[in-house]
Amino acid sequence: MEPYDHNPIVEMRDIEKHFGPVIALNGVSFDIRPGECHCLLGDNGAGKSTFIKTMAGVHKPTKGAIFFEGRQMSFDSPRDAMEAGIATVYQDLAMIPLMSVTRNFWMGREPIKRVGPFKFMDFKTANEVTMEEMRKMGINLRSPDQAVGTLSGGERQTVAIARAVHFGAKVLILDEPTSALGVRQTANVLSTIDKVRKTGIGIVFITHNVRHALAVGDRFTVLNRGKTLGTAQRGQITPEELQDLMAGGQEMVALEGSLGGTV
Amino acid sequence: MEPYDHNPIVEMRDIEKHFGPVIALNGVSFDIRPGECHCLLGDNGAGKSTFIKTMAGVHKPTKGAIFFEGRQMSFDSPRDAMEAGIATVYQDLAMIPLMSVTRNFWMGREPIKRVGPFKFMDFKTANEVTMEEMRKMGINLRSPDQAVGTLSGGERQTVAIARAVHFGAKVLILDEPTSALGVRQTANVLSTIDKVRKTGIGIVFITHNVRHALAVGDRFTVLNRGKTLGTAQRGQITPEELQDLMAGGQEMVALEGSLGGTV
Amino acid sequence: EGERYVLVSHAPDSDSWWNTIKNGLALAGEQMDVTVEYRNPPTGDLADMARIIEQAAASAPNGIITTLADPDVLSGPIRAAVESGIDVIIINSGTPDAARELGALMYVGQPEYDAGFAAGQRAAGDGISSFLCVNHYISSPSSTERCQGFADGLGVDLGNQMIDSGQDPSEIQNRVTAYLNSNPDTDAVLTLGPTSADPTILALEQIGLAGDIYFGTFDLGGDIVNAIRDGVIQWGIDQQPFLQAYLPVIVMTNYHRYGVLPGNNINSGPGFVTADALDLVAELAGEYR
Amino acid sequence: MSSMGVAVDERIKETSKLRKALIRPELGAIVGTIAVFSFFIIFAGDSGMFNAQGVLNWSTVSAQFMIIAVGACMLMIAGEFDLSVGSMIGFAGMSIALISVTLQWPVWIAILLTFVLCTAVGALNGIIVVRTGLPSFIVTLAFLFILRGFTIFFPQLIERRTIIGGISERAEGDWLAPLFGGKIGGGFFNWLADMELIGVFTRGTRMGEPIVNGIPMLIVWALGLMVVAHIVLTRTQFGNWIFAAGGDAQAARYVGVPVNRVKIQMFMFTAFCACVFATCQVMEFGSAGADRGLLKEFEAIIAVVIGGALLTGGYGSVIGAALGALIFGVVQQGLFFAGVESSLFRVFLGVILLFAVILNTYIRRIITGER
Amino acid sequence: MSSMGVAVDERIKETSKLRKALIRPELGAIVGTIAVFSFFIIFAGDSGMFNAQGVLNWSTVSAQFMIIAVGACMLMIAGEFDLSVGSMIGFAGMSIALISVTLQWPVWIAILLTFVLCTAVGALNGIIVVRTGLPSFIVTLAFLFILRGFTIFFPQLIERRTIIGGISERAEGDWLAPLFGGKIGGGFFNWLADMELIGVFTRGTRMGEPIVNGIPMLIVWALGLMVVAHIVLTRTQFGNWIFAAGGDAQAARYVGVPVNRVKIQMFMFTAFCACVFATCQVMEFGSAGADRGLLKEFEAIIAVVIGGALLTGGYGSVIGAALGALIFGVVQQGLFFAGVESSLFRVFLGVILLFAVILNTYIRRIITGER
């Protein structure tokens, strides 16, 4: 069963987004199907983050339509998108250093326990689930009360991914999850992506690194200056072609030559 | 003329650094010679940034000695190190968004013009040099008064590197200059490193990316949990060995298998 | 017709007592058919007040009515106003001598130290030998003079008997309570105006000393009048602020229109208000009394 | 997913269990409270500070601080602060007085209307802050001036005076007023007096009655607000959102926390607390003055900061703030009991504030691993 | 290095040259100044506000604000602020008075000692802030109380009053005092009076002399401080460091800017300005009072913020702050000239503040491309 046999979970058509005088997106179309990992590639400032923020309800598109499971939707807030099943791990992490791991993990979707007419946060469950999910990701927390500020960068990234996975998203968006990570942590994240994909979740994976993209991606879309340069299937494109597409071709050839083709 | 024929510009011996209960560095030795690019690799939290901050005078080592051109030195502040000729481009950029490009470029080393007994900052020179240096790096500024906050991430990185190069450092330290960059910008930075090295400056290049390291590195030192795993010369080590060294070997094999060896 | 007079006080905006002055001023303005303006430094900073007097002089009114809260600060601007041809009457704080020396037409008011001294003598006559002075605006010099005068009138040393009570009623109440509890042999309480008197009344009721301890106050207010009637307060020193604002306007208008001027200063106080003949005072307290 | 068997990091020296248990935001305030009480027990133990009446005395003052400190604490944790609290107190009191005395409307209507008005102003503060992105320091500083200006202007315009009394008479028989101005537990104290556990008046008009004849509603409000705020903050979803809004508003927004709403609600809560303060005061003293509440905003902030909250938001504790208020109140009254020259109170206050924040910073660094 | 021929970005719409030229930090303040003057020329043009005496009046008030605003502006750009300015003014004045009147030392020694003392306190503020990393709000709030406490306590202890006069007599013949309390340009004003361009005294000992007989040194100090601070800030290395320290202290430290030293020096400069203010005041009026300078810290901060500086540091302009002070002074005195009910002054102030910051924020967003 190939992922592109399914209907897309999310489809974005001709999305434009302007910030005052800046045109960040200039007509981008994109879709994501269950169980596939769709890589979004592109240079700095190409508009990748802006694009996925539009998908996640942070920005409203200036123009264009978003379809969720076939119906046209317009998300008013990240909360709406989350409730529909779009979970996002942002480039700038979205963790609050002064708060505990549990509080961060559940932020915005706290488990509720009713005592008479009052609703309390169910810390017992929350702590247990957090510890369990972190353990699954290979991190043994000292205690769920530990402040996120005391975790290393890789650990924080893992908390964010674990959170997104836990909330049973239909689509999981990862914005450059590997850029600040070491080899081991990167491998860990990539294998997590692989595993999550196999459960039928659609993954949008943003990266600068062609090799990371090729390691897990099923389809590849390249953005350039707010426009798509096209989408390719796995196997239809070689790493070199992808590299060229991202960098705009010719100039790279010269550079690669002088540096021994290892970029 | 191979770089390791020279005497080192900076030599660090058995550096240890503790932050309260955290032992960030536990005896690291390292040296850097003129005209070489010495790559410093390692996982997240290995202590790379801490190590180069020690070299740059930000931290004082808890133990260990620093030799600069053969003489033992102890830098009291980043200023001392800069004056000795150690320029650093920090991972967290060290740019001030609200200030103009010129002011940022010259920050800490402002050009002085004397008018009678008074010393003024020489804005004319400063602006000209800034524009010129940025043009050399391939960036046309609208004006030198433009706030750094209006530049893209890649452009900011370039300002930082241009600044370090301009000040005629003997040693240039780059802490993960490529991690947030796209392919094109990365190529640009790598070719800059190559060019700078050829002028006889010693470069310390920190990265997570084995391929980037291999593209420009002459020697490779791997840090792990605050200790060195050893230093290798270019040609004495294969990319796979380096990869293994960084990640601690065995576990990688399993992961690579499942992901098709592309990490 | 249509003369313009400016009254400059030294009180911060929030000081309630000056309200009576404002009302007296407005009434006089209405009755004499002249324009009157009231000005004060918003925070009670006397240096700011000096600027306001200068400002008033620059706007060339027919007369300025002002207090002399600190002769050092204010004499310069006042003298300049006088010498540029504007008539000045000093009210409230200050002394007749200082007013004459500045070239002011006259002085209307109650010298603070003297008022305190008179009150002290009266209390001494009633057999008082120790007291608590509740000072709610300690940073202002005239407040200290009242307490000092009272102490001198009693013939005792002020020492620690004056407390900085702050302006919050609960804090005043509780500080008075605290002081009286730890100094049980205090004979008398002296408050410096409604701000400190009202909570002190409550404090005394709370600890059962209301009507038992000797209690005098400066400046009237609604609750003070009721307390005098109830016998909680023995006397209030009324400096009749109404007169301090009303009379100067009348005097100056008549002076400017007909050239007549009373030959002497006017002491608007101290008048001791006691339980006798309180009804009118009660009705108008806070407004014209 | 390979479980990579993350072991204990050998690069971290162990910290003891006890130390961990002690390390809480309010630790500094707890230590401070103990220190302050020890100090006064030694130096003012026999001055009447710790008999029933003395205790009531500093409890009342502390309760006042506590009411506004609870509001300021919640707001500060949500990442903002409010300099208009003091002016709001004056404004609320004046509003009750004008409505009940000048308009002659029932007191309960006056109180309810005032609460509506004040929380509306609080909301306005909040809306301006979240809409414009201006620092709350500036916005609420503007309201500090605006509200105080109106508080002086209106009564003067309408009633020709700036202290308005006569509220006690109007409040008699009102059903809502005793909730703010009354006392509870009178019977209990009578019993205590009969058992000779507390003193009775030995002179004056109330000879024979117990010195303390009830707990003022002010204290009940203070404790009530503290408990509710503490539970909301630490035990509910909304509490988590408050922390999140103050810790990193952008991050919180991304995961769906309605940050703007939370901040506005906290501004309203602060205004509500200021209004409770003002109503209790007006009902107890029977009058409203234009100068009420001066500098209270600073006192609230000081109590909160002594209590361990972070000025920049996202960290703090209501219990801490309440203890901060207690310290503040005890020191203020204690200096009187101890007979210290009263103008030195400010000096003490400044020094205590400085020591408290330094201690708190040290504690917080340990908790959060901040550098 | 390959020159990659970076072209103009096609994704940015063009902005006009004129707009760019106008967009400066002090633009808001310039617009405000024009608006305020237009307003008062229309509504108070014939009230004496714009005759020699009137101009001198609001200039003096504005100059006062300007002196402390310049200090506050530099400090704010360096990323900190100082709430103890007002208390410092009271403290400095009292110090001069106690040293010269009570101790009977020469006035110049009193002035110099006071400057040393105040800048030392400023340095202490700064050292505590940079050493502990505490927010300057808290540290200087503590000093607000401590300094005010001492200002009340000492004169009361020593002289048993809170106002100390007699400094004018002591200052006669002193060489340093006229630098703060004197006037300059007397000859010019005499000439103006002879030409009947300005009014003269009509009676008293100074009959025939011009009413305005010189420019107070206060104004000279204000302009001097403004010019020096502006040049230092925009034209020197040190100025660049001040911006850097406030913009991002860590980043500045990394490239070798001695951030701690810069911040401490700015605290000292603020204290110096407060001291200039106090000395001018004491020398002009001849007395020092414990209540001098109340709330001046807010007025300084307001002027600076109206002038376009950013509360969080790293951005602002001395010229802007000076214009902010001018607006503040003109509005305050102008409302008196226009005969507006004085309790409404605060309301106006709050509203102006709010409008000014909203305007400034808009301008700043355009300049810095902030989002």
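Order of writing sets the chain letters: A, B, C, D and E. Residues in each chain are counted from 1.
Simple rule for what comes next: a contact is a pair of C-beta atoms (placed from the backbone, for glycine too) under 8 Å apart; a residue touches a chain by one contact, two chains touch by 3 or more.
Since the model is a prediction, treat every value here as computed from it, not as a measurement.
> Could you pull out the chain whose C-alpha mean position is farthest off from that of chain A?
Result for max centroid distance from chain A is chain C.
> If you take the mean of the Cα atoms for each chain, which one ends up farthest from chain D?
Looking at centroid distances, B is the chain farthest away.
> Working from the CA atoms, figure out how many degrees chain A turns to land on chain B, in steps of 5.
A turn of 180 degrees brings the C-alpha atoms of chain A onto chain B.
> Could you work out how far the Cα centre of chain A sits from that of chain E, in whole Å?
Using C-alpha averages as centres, the distance is 51 Å.
> Where the CA atoms of chain B average out and where those of chain C average out, how many Å apart are those spots?
Those two chain centres are 73 Å apart.
> How far is the middle of chain C from the middle of chain D, if each middle is the mean of its Cα atoms, in Å?
So the centroids are 34 Å from each other.
> Which chain B residues sit where two or more other chains touch them?
184, 188, 191, 251, 255
> Send over the residues of chain E in touch with two or more other chains.
Residues 2, 4, 152, 156, 343, 345-346 of chain E touch two or more partner chains.
> Considering chain C alone, which of its residues make contact with at least two other chains?
Within chain C, the residues that touch at least two other chains are 13, 138, 164.
> Quick check: in the complex, which residue numbers of chain D touch chain A?
1-8, 235-237, 239-241, 243-244, 247-248, 250-258, 310, 314-315, 367-370
> Please output the residues of chain B touching chain A within their complex, sorted ascending.
42-46, 152-154, 176, 179-188, 190-191, 194, 208-212, 214-216, 243, 246-248, 251-252, 255-256, 258-260, 262-263
> Over in the complex, which chain E residues touch chain C? Could you list them?
It comes out as residues 47-49, 51, 53-54, 56-58, 60-61, 152, 156, 160-163, 165-168, 199, 201-207, 211, 281, 284-287, 289-295, 333, 336-337, 339, 342-343, 345-346.
> Where on chain C does chain E make contact in their complex?
On the chain C side, the touching residues are 13, 37-40, 42-47, 50-52, 54-60, 70-73, 76, 79-80, 82-85, 103, 138-141, 144-145, 148, 158, 164.
> Applying the document's contact rule, which stretches of chain C touch chain D when the two form their complex?
Spelled out, the residues of chain C in touch with chain D are 12-16, 19-20, 22-23, 138, 160, 163-165, 167-171, 174-175, 177-179, 181-183, 194-195, 198-199, 202, 207-212, 221-223, 286-287.
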